[in-house]
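Chain nomenclature is as follows: A, B, C, D and E, assigned in order of appearance, with residue numbering initiated at 1 for each chain independently.
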Amino acid sequence: MNGLAGDLAAAFGPVAFVMFVVLNLGGILTWVERKQSAIMQDRIGANRASIFGIRMFGLLHPLADAIKMLTKEDFMPARADRLLFTLAPFVSVFFGLAAFASIPFGDTLRIAGREIELQAVTLNVGILYVLAMLSLGVFGLMMAGWASANNYALLGGQRAAALMISAEIAIGASIMGVVMVYGSLNMQEIARGQGQPLLPQIFGSWIPAWGLLTQPLAFFLFLTAGIATTKRVPFDMPEGESEIIGYFVEYSGMKFGMFAMADFLETVVVAGMTTALFLGGWQVPYLQAGGFVFPWGATVGLPHLAVVALQVGTFLFKVVVMLWILMLIRWTLPRFRYDQAMRLGWLGLFPLSILNIVVTGFILLVVSG
Amino acid sequence: MGSVIAFWILAALVVGSAVGLVVRRNPIHGALFLVVNLGGVAALYLMMHAEFLAAAQVIVYAGAIAVLFVFAIMVLIPGKEETGPDPLRAQRWLAVPLGGFLALEIALVLRSTVFTTSRSPATVPGGVEAVGRLLFTDYLFPFEVTSFLLLAALIGVMALTKRKAS
Amino acid sequence: MVPESHYVALSAVLFVIGVVGVLIRRNPLVIFMSIELMLNAANLALVAFGQRHGTAQGQALVFFVMCVAAAEVAVGLAIIVSIFRMRRRLSVDELSLMRW
Amino acid sequence: MPRLTINGKEVEVPAGTNLIEAARLAGAEVPHYCYHPGLSVAGQCRLCMVDIEKVPRPQVGCNTLATDGMVVNTETERVKETRRSIMEFHLINHPLDCPVCDQAGECWLQIYYMKHGLYDPRMTDDKVHKPKAVPLGPHVMLDAERCILCSRCVRYCDEITRTGELGIFNRGDHSEIGLFPGTTLENKYSGNVIDICPVGALTDRDFRFQVRVWYLDRAKSVCPGCARGCNIEIHTSQRRPHHNRGRRVARIKPRFNAGVNQWWICDAGRYGFPWIDDESRLTTPMMSVSGRSTGTTWDEVVVAAARALRGHRPEEIGVIASPQMANEDLFVLRRLLDHLRVLQRDTRVLPREPGDEDDFLLRADKNPNTRGAELVGLVPVSGGLDARGILAAAVQKRIKLLWVFQHDLLASAWPESEVHAALAGAECVIFQGTNASGTSARAHLVLPSAAYAEYDGTFTSFEGRVQRFRAALPPLGEALPGWEILARVGRALEADDPVFRAERAEHAFNGLAAAVPAFAGLSYRALGDTGLMVRS
Amino acid sequence: MANRYAESNVPMDRRHPSRMTVRQRFYLVEVLAGLRLTGVRFFANMWRHTLHAVGIKAARGAVTIQYPEERRPYSPRLRSLHRLVRREDGSPRCVACMMCETVCPAHCIYIVATEHPNPDIEKVPARFDIDLGKCVFCGYCVEACPEDAIRMDTGILEFASYSRAGMIYTKEMLLALEPAQADGAPTSPVPIPADRKVGEPQPEARRADMGIPRAERGGEPQP
């Protein structure tokens, strides 16, 4: 593991890992969505796809879906803007994938004399990067809406833009509280900060300073706005199946599949960000670089690789739990009407997140004396 | 070496998209070229280690301003724009030499003054901290004024676009 | 390392393209976008200069420019939208009257 | 002129009017089966009972003449009770299978039963069975079970056609209509018995089972079969195209016009419609390019026709119009020829076989508008040629452009060889008509015109009665009304006559009324349903 | 008029009972209540599913009927695919009276009548097609039939086809169908065609309807 090969492995290893995890999570979410909603609703859910009679609880459905989408007619409306129409789904998926890049999934890995940050791209302004990618994703939808030469699609694109802007503001403002508490725009730093004990003067080292505890209001605001950026129920006005079908009315085959995929990828990104910012990221309670250090004094020594593996596993576990919650929300809540979503974004989330910033600043001043 | 290659690629991208914006008749294409252009400039900022600016550029310019542009185009759909006879046709032919002249002028100014002075050692103070520190110390007053400007713009937009209840 | 003069030259080119765009286009939206192009070029130059002088002041200035640009776009688009509502057409050549 | 009161309403009726007609004048309907205004009174069905004041029992309306001071009631309880009982009586042996019966929907038994019937039948015995589906002649099918023995058909054959083929045979409930031995119902007016039969006993063999009557659309028209101009109603099947063997015209029914045909039409007119939906209909304009005839567009063919007309001197043009054409068509043609200064024009082409004629309705002239063509002025003028002359001139190549309307010259009384020579001799032959024929096959330009059932227009009968016919159907394919084709040609010639800018047939007719003294003062509104006489 | 919408729009009226309370307007409490409901449901069902998967079949976590294998028993009154009833000799009971064609709101029945050799029967359908692509399964044809010649009791619901022509059932097909069993299960094998190939020439009778362009069929004649 030296020289160029090592460099490449160090640079592309985390990228490959992120791509692998995000794409697979996104793919499997199509199955989770169907199965989880079915179980919540006393149904069985997708279970028909089989290979030689082996059904595996419907786990083959994502595969079947992919085959179906790849073999379907790739339709293009006669008056469509051909380039934009083709480009739009790629734009959507690209930014969905790219957004995950600066979310850290583990602490620094020390191996073969190298220090590898377990994060695809190490950025000082990681949070802003994720925000930027999420907000650029909307261009895919707007391109699709415009290029389809269909008024419903256009309406969907407009709604996507309006929703994106109103959710964007709330996300940015709610994150600011977290940034203030942990004093960095680097998500790795924020994740590390969450390993510190919360108010050691009072609680000792019993409670880790997870974002959920330091910024409870921001958590709810971020989660709500984050769901809005995934444009899934209850914020699915860009689609609005019952009224305008959405920006992808004219899409079929794999291009349509890519839009659906982008939704799931964004869900994964939101889950990852929530985990990184509010659920302690890769932090395992009481696990430090050398092993577990419990507040009652006991210690369990662990080798470095085991610690890192534990951290990565914990991160993935938290993301999966978060995905489950996001799915639960999607299948529990009814849709917001267009104006209600706008109202919620601008008159609910935005002022509350500003309030959160003010209160956080005040408390920080008091605490730091 | 890698950075030079990257610069030239980005420069080509930025200039190409700018030309596309000016030349394309369809305003949506223009807006998307603008996005590409802004993204390219953001990448240039990154190359100059102005990471905060790069992110802000993408979020504010590409994420918000360009979205607003596209949104406005979608709402208005001026599909039949610039189809009639051009009342100021001569201006069109005048524009290119004028632009060339301006370019020449800028080039001359740049050559004569800025880069003839000796270059100070590049201690890159980029980063968020440096910018933040400047904004909240030296530039605190302009910062506050900017916030008022934004507020005024907010109210102005609402006043402009609100339809009167008939 | 790319010398700053390259960036400044690039910004000059961008600026000129923006100027030409303002001059030759009649759609106010496109003119507006060309103005953004020019602002952008100026920003690039500011960052490059700041870089050359080793301070972050250029970046701070760019930050202000961005804020102003955001405000300007919001108000400008609002004006265009209300013009369009009034006129159903968009061409700057026809907008010679002061009152609508 | 007796004055009497019917249902409280005082009316004055002509002497000799019976109570059914008197009630009709008073706006009251007296149900009846056997009575028909065109036939003698039989008093068979007993349905037309009315209450007459100071008369102890209800009396039959058909055989009671209106007298001064009578007070009649048609809707008393007693009358209704009588009707119910008589309906019950009629239905004792009548099969109750209306859905199967072809008369359903226009059956008076059905209609009156729904209005006045005893809905709860008391008859439990088996019905008497009689012959079904017996062909009486080429057009009429008898179902004796459905007959209510009103004897209208018998009286019709005795009194109107005076052929007497039909009679009532056997007695009691075994009575049935039938043919006298050795006869068949094949007189020239036999189809009328179908119309007057109030039930489904006599049905039309041609129409039977083809369309249910409620699918038919109706339009008032005039029979184009001869110069009589009988008023007819065209029944078309357009809503369910798979019915009626795919034909659009389902049947033709006479329409009452006291001054022309009363209630009747001849079988030739009644069954003379299949050409409207025939395979031979011309549906697209055709132009012959280097000897081969190909379909083209109206724009092109009209321009070609105008170019041909402009390219010949007036004396080189011969026009043989047709008395099958409406007054409007002929008038626009007349204007077109005046514009071109063409004198060689005629309409008279003798048929190979002379038409049959009788003293009732049939006329020997089998064209509906011969009189109209004369009045409009499409007759040979001094210095011009008549049809035969045009033909002869074409043989000698003095006529170079021959414009033939509707006629199949090859089927005319003229020798075929001469017609062939004429068609071959002319540089350009234009055919304008509805159906393909030997003549149209030899034409260089074919202008498909709409059949009379497909556009609005007027015919002038031999007596000089101008009568309207109305569009019952849209033109088949791309065919256009004759006047519209001619107007297009006129516009292509850049003639500034306003008649070429007519948008509806009515505009052309108004031009006709303004230009031709015989038609002065006439308008579509004034013509109404029964027409008006031209000024002599 | 000030704002007509405001007067009629319920949520605008502050005293309207359907207006949300403060707690509801805060969303979060209600949202969490909803999530609790669905979450509990999820885990309860998940537990049952798990038991089921390991072989303990007592508890069912789902009410799903696995359609092609399992079927809900149909009501005998269900309106399913039509059939034509036969006489003893196998000929159709239908007398081509066209009552069903007349009453059909979807215009999906096409009958062409012809003479029956027996004058007592008079008419039979030469053609009796039902275009199931148009049929709305209202059952009016069954109600209208005076001869009880058409019924919708086959219990057959699966007759999808890859072509429009495949949705047209001819007289022979309809005559071949059998009534459903007592529990509603279809007795007939599958309806005969399920699908005909798209390019296959259609029977002559079918063309009459489809071959004539709409313009020529026309509407009401102009007076």
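The criterion applied here is as follows: contacts are C-beta pairs under 8 Å (C-beta built on N, C-alpha and C of every residue); 3 or more make two chains touch, one makes a residue touch a chain.
Here the structure is a predicted model, which means the values were calculated and not measured.
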Check: Pick the pair with more C-beta contacts: A-E or B-C?
Finding: B-C
Margin query: Just to be sure I understand: the centre of a chain is the mean of its C-alpha atoms, right? Then which chain's centre is nearest the mean of all of them?
Written below: E
Next item on the list: Mind checking the centre-to-centre distance between chain B and chain C? Centres are C-alpha means, answer in whole Å.
Entry: 5
Next item on the list: Just give me the whole-number Å value for how far the CA centre of chain C lies from that of chain D.
Entry: 81
Note to self: Report the inter-centroid distance (CA atoms only) between chain C and chain E in whole Å.
What the structure shows: 61
Item checked: Whole-Å gap between the CA centroids of chain A and chain B -> 29
Margin query: Two or more other chains touching the same residue: where does that happen in chain B?
Written below: 52, 56, 64, 68, 73, 75, 127
Notebook entry, point to check: Got the chain A residues that touch at least 2 other chains?
Noted result: none
Notebook entry, point to check: chain D touches which residues of chain E in the complex?
Noted result: 95-99, 101-102, 110, 112-115, 119-120, 122-123, 127, 146-147, 205, 208-209, 212, 215-223
Margin query: Touching residues of chain C toward chain B in the complex: what are they?
Written below: 1-2, 4-10, 12-21, 23-27, 29-30, 32-34, 36-37, 40, 43-44, 47-49, 51-57, 59-60, 62-64, 66-75, 77-82, 84, 89-91, 93
Note to self: Help me check something: in the complex, which residues belonging to chain B touch chain A?
What the structure shows: 26, 28-29, 32, 35, 39, 51-52, 54-56, 58-59, 62-64, 66-68, 70-71, 73-75, 77, 127-128
Check: What part of chain B is in contact with chain C in the complex they form?
Finding: 3-4, 7, 11, 14-15, 18-19, 21-22, 27, 30-31, 34, 37-38, 41, 44-45, 47-48, 50, 52-53, 56-57, 60-61, 64-65, 68-69, 72-73, 75-76, 78, 81-82, 84, 86-88, 91-92, 94-96, 98-100, 102-103, 106-107, 110, 114-115, 119-127, 130-131, 133-135, 138-139, 142-143, 146, 149-150, 152-154, 156-157, 160-161
Item checked: Residues of chain E defined as touching chain A within the complex -> 27-28, 31, 34-35, 37-39, 41-42, 45-46, 49, 61-64, 66
